[in-house]
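Handing you a structure now.
Lettered A, B, C, D, E and F in written order, each chain numbered from 1.
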Amino acid sequence: MLFLELVLCLVAALVSLVGTYLAIVEKDLLKAVVFSALQSTAYAFIYYLLMAPDIALVYIPVAVGLYPLLLVIAIRKCGRFEEV
Amino acid sequence: MIEGVLMLVGSVLILVGSLFDLLAALGLLRLPDLYTRIHALTMGTIGGAVLPLIGVALVAAGWVELGSYRWYLAGAAIVTAILILMLAPAGSHAIARAAYRARSPSPSYVVIDELAKKVRGGGR
Amino acid sequence: MELRDLAVSIVMLSIPIYVLAFLLYVVRIVKGPTVADMVIAVDALGYDLAVFLTILAVLFRVPFLVAVAMVLALWIYALDIYVAKYLEAKEVGA
Amino acid sequence: MDLETFAKFVINVVAVVLVLNAAIALYGLLARPNLLKKIIALTIFSDSINSFAILIGFRLVKGFENPVPPVITSVPPSESYARWFLAKSVDPLPQALVLTAIVINLAVTAFLVALAIQIYRVSGTLDARTLAYEKARRGEER
Amino acid sequence: MMRYVVVFLLSLATYLVFVGSVTLYDIVTGIAVSSVAATVFGRILVRNPRKLEVRRFVELVRYLATFIATEIRAHLELAKIVLSPNVSKSIRPGIVRVRYDLESDYGVTLLANSITNTPGTLVVDLDEEERALYVHWINVRTLEPEEIRDIVSRSFEEHARKIFD
Amino acid sequence: MGSRLLAALSMCAMALALAYALTVGVFSIYIPIELRPLAKILVTSAYNESTPLFSSMTPEIVTAVVWDYRGIDTFFEVAVFYVAIVATAALFRGIERSAPRTSVGLSTIVRTVTRIVALMIVVVGSAIILHGHLTPGGGFQGGATIAVAVALALVAYGLAKLVEHRIDYETSLKVRSLGLLGLSLSACIALIAALILNTNAYVFQNQPKTYAPIGLPYAVDGVLISGTVLLLNIFDGIAVAAGFALLLILLSQPEDVARERVLSSEGGE
């Protein structure tokens, strides 16, 4: 069982790396928010696998439920694209 | 004995569900536009999430070593399944409607489009 | 007892298939031409992750980990309707 | 590779990935011009650092079974249960430290978002370079 | 009164399943939380308390049987489409208009969710004044309105009417 | 898009290679086989009836640390949370009552589902709060959970509908203040009791300590309530939920009215 846990942890870590990189590089802010939701989901999975259900329970509402809302409100008010 | 059979049925359901999940992922990659992809998403949530959750409930109910907690696991799995049955279609409907109204993307591979008259016929 | 071990090994067999499906979903999230495509891929990923967490809670024999799965299944819906409201209305809060 | 080495490898992968995430987020925080992008980068940065604390609290168990969360499930704990729990529980302290940090991060992020919205209302842009240029121009006028 | 009881029971059941044990503490706190939730949500959730009868719950079980049968057929159909070598040749997508004949919000929601939950059909929009659903259908077989209604929504609509109207 | 995916994948490969080098090399992260000494003390003393002077009598060790061992610290972190919300409200002063008259909302299907789900979210959040000392959870988790119900209602129904149902700025401000007041009072409850009984006690004292013989009972009739931990969890949950609701209501005020007010006040100065 420990082997399974470790392999899943590895996969989740790599997925979170992909999510973070794309969230920072992306110029469309709404897409960046979705990528950061992907990264948050991967982090929540890592917390679950590292046996921290307390943190997972507080992280899922905050990072999947409330961060995107704050950012989506701000993006709707302030414009969607980042000029470079 | 009956517990063993329950667990076996449950695990087969989980296996079938995972196969549906793989099919849904393939469909999400292969189908041409958003609306057809949502059909694949539906397969991923009903066949790939609700079915294995019922399987998990059966497995948990049959696993005697878990003690009294197995009923908790089974009940929670069933409730999660009911939640997904309610939430997933509402979410995909919301996304489809918003994408149609925002015209991102416009449905291209369409034989007939009767909604266009209502949404786009009047003003624009 | 034979049956129980058989069932557990079948469940273990399904885990790599799930992980493969997750990776394919991630590919769709990365590729997705529009935001809506990405959001439905995140959706599918989230719901299947909830199932996966339930399976893991049974396999690890730690029962209250299943609460995390339930909470995750409730929240993935939120992202959907935020993005839908963004695309549909002029103000998200209106 | 035996299981202990593999466990070490995976923990190292997670640690490296978290450091890389923090580094990428720091790059975004410093180099991207849009204030909202900076806020997204800031949330990713703080989450990575928090995850690092959780990772430090992880442990291995003798015999390489999987550890259990720090919650006593049989109340009151018997002698044998207490020994078993001590042998398998992960470290609760980093989790307790991170728990409040996540919620406070959210409140601070909300404040930053409010600040960004207010800046947009007043100056009509969220580009850090344009804002700095505006400030310099106003200074010249005075 | 009836509406509060129903909401109370729903929230108590959710509470106890989520908590996962039935001790004295769970029951006391569960009753407290459920009474507060029932007083807050009762008027919002149940508009017409006279419709709460046992017959409707029996109908719910029969609806489930129809639902499962439709699901299996639709899943196999979509799996065939996904696995076919040329995907865009094997589908004929289109958005069709399906009229419905239901009164309550819950009935419409049940109908629309059942249609969306079937792979192959997806409710894109609904028009409450004309009582029509706009359904994205992956394999448009016919363009006759009544035939479309037969294939897509007839069985679900019967059950939804018996359950909620 | 292809080049970006390539960059991300090469980063993954780099992470794997670096981690492999670290594993065979010297600078590996230390993963303990035994618990650290401090954690060992926490794990053995969090629920231990034989050493009542050191125990917090809370089987959930994370909650025990948050609300007992480092209770004052957590209290000041709640104060930081409070200050952030006050700062947002101060930044947006003058526009908090400009709620729109009509709401747009989403379709009927989404509204109906949100209505049912909001009930379940509130119940689940209350369960997380009230079982914070028994299973994973507590005030912060439950409060954030309930806040998501407000967020969903806000998006699905619109702000005007929420104000109609009396979930507005004023109410959430009052509820939040009530939660914070309760938090401070239950922190001092042992102190107040000691003043009345003419003995000693500490602030944030849960169980009896040396030189402070009084404390809240950890069980009532065999039902475990863990002294002040339950009270603190409840009030913290109320404060967090109402605080986030306040933030969301403030942030989702309509933009045209708000901008007008902000610009006019700036011009007036």
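Of note:
Going forward, a contact is a pair of C-beta atoms (placed from the backbone, for glycine too) under 8 Å apart; a residue touches a chain by one contact, two chains touch by 3 or more.
Predicted model, so just to flag it, every value in this text is computed and none were measured.
The set of chains touching subunit B and also touching subunit F is given as C, E.
Chains that touch both subunit A and subunit B are the following: C, F. Put simply, the chain farthest from subunit A by mean CA position is E. Counted by C-beta pairs in contact, the busier of C-F and B-C is B-C.
Measuring from the averaged C-alpha position of subunit D to that of subunit E gives a distance of 39 Å. Separation between the centroids of subunit E and subunit F, computed from CA atoms only, is 34 Å. Spacing of subunit C relative to subunit D, judged by their CA centroids, is 21 angstrom. Multi-chain contact residues of subunit C (touching two or more other chains) are listed as 15, 22, 30-31, 35, 39, 60, 62-65, 67, 70-71, 74-78, 81-86, 88, 90-93.
Multi-chain contact residues of subunit F (touching two or more other chains) are listed as 4, 8, 11, 15-16, 60, 62, 106-107, 109-110, 113-114, 116-117, 120, 124, 128, 135-138, 140, 144-145, 148, 151, 155, 224, 244, 247-248, 251-252, 255. Residues of subunit A found to touch two or more other chains are 1, 5, 13-14, 17-18, 21-22, 51, 53-54, 57-58, 61-62, 65-66, 69-70, 73-75, 77.
By the contact rule set out at the top, the touching chain pairs are A-C, A-D, A-F, B-C, B-E, B-F, C-D, C-E, C-F, D-F, E-F. Taken in their complex, subunit A has these residues touching subunit D: 1-3, 5-7, 9-10, 13-14, 16-17, 20-21, 23-24, 29, 32-33, 36, 39-40, 43, 46-47, 50-55, 58-59, 62-63, 66-67, 70-71, 73-75, 77-79, 82-84. The touching residues of subunit A, counted against subunit C in their complex, run 1, 4-5, 8, 11, 15, 18, 22, 28, 30-31, 34-35, 37-38, 41, 44-45, 48, 51, 53, 56-57, 60-61, 64-65, 68-69, 72-73, 75-77. The touching residues of subunit D, counted against subunit A in their complex, run 3, 6-7, 10, 13-14, 17-18, 20-21, 24-25, 27-28, 32-34, 36-37, 39-41, 43-44, 47-48, 50-51, 54-55, 57-58, 60-61, 64-71, 90, 95, 98-99, 102-103, 105-106, 109-110, 113, 116-117, 120, 126-127. Contact residues on subunit B toward subunit F in their complex (touch as defined above): 83, 86-87, 89-90, 93-94, 97. The touching residues of subunit E, when paired with subunit F in their complex, are 7, 10-11, 14-15, 18-20, 23-26, 29-30, 33-34, 37, 40-41, 44-45, 105-106, 108-109, 112-113, 123, 125-126, 128.
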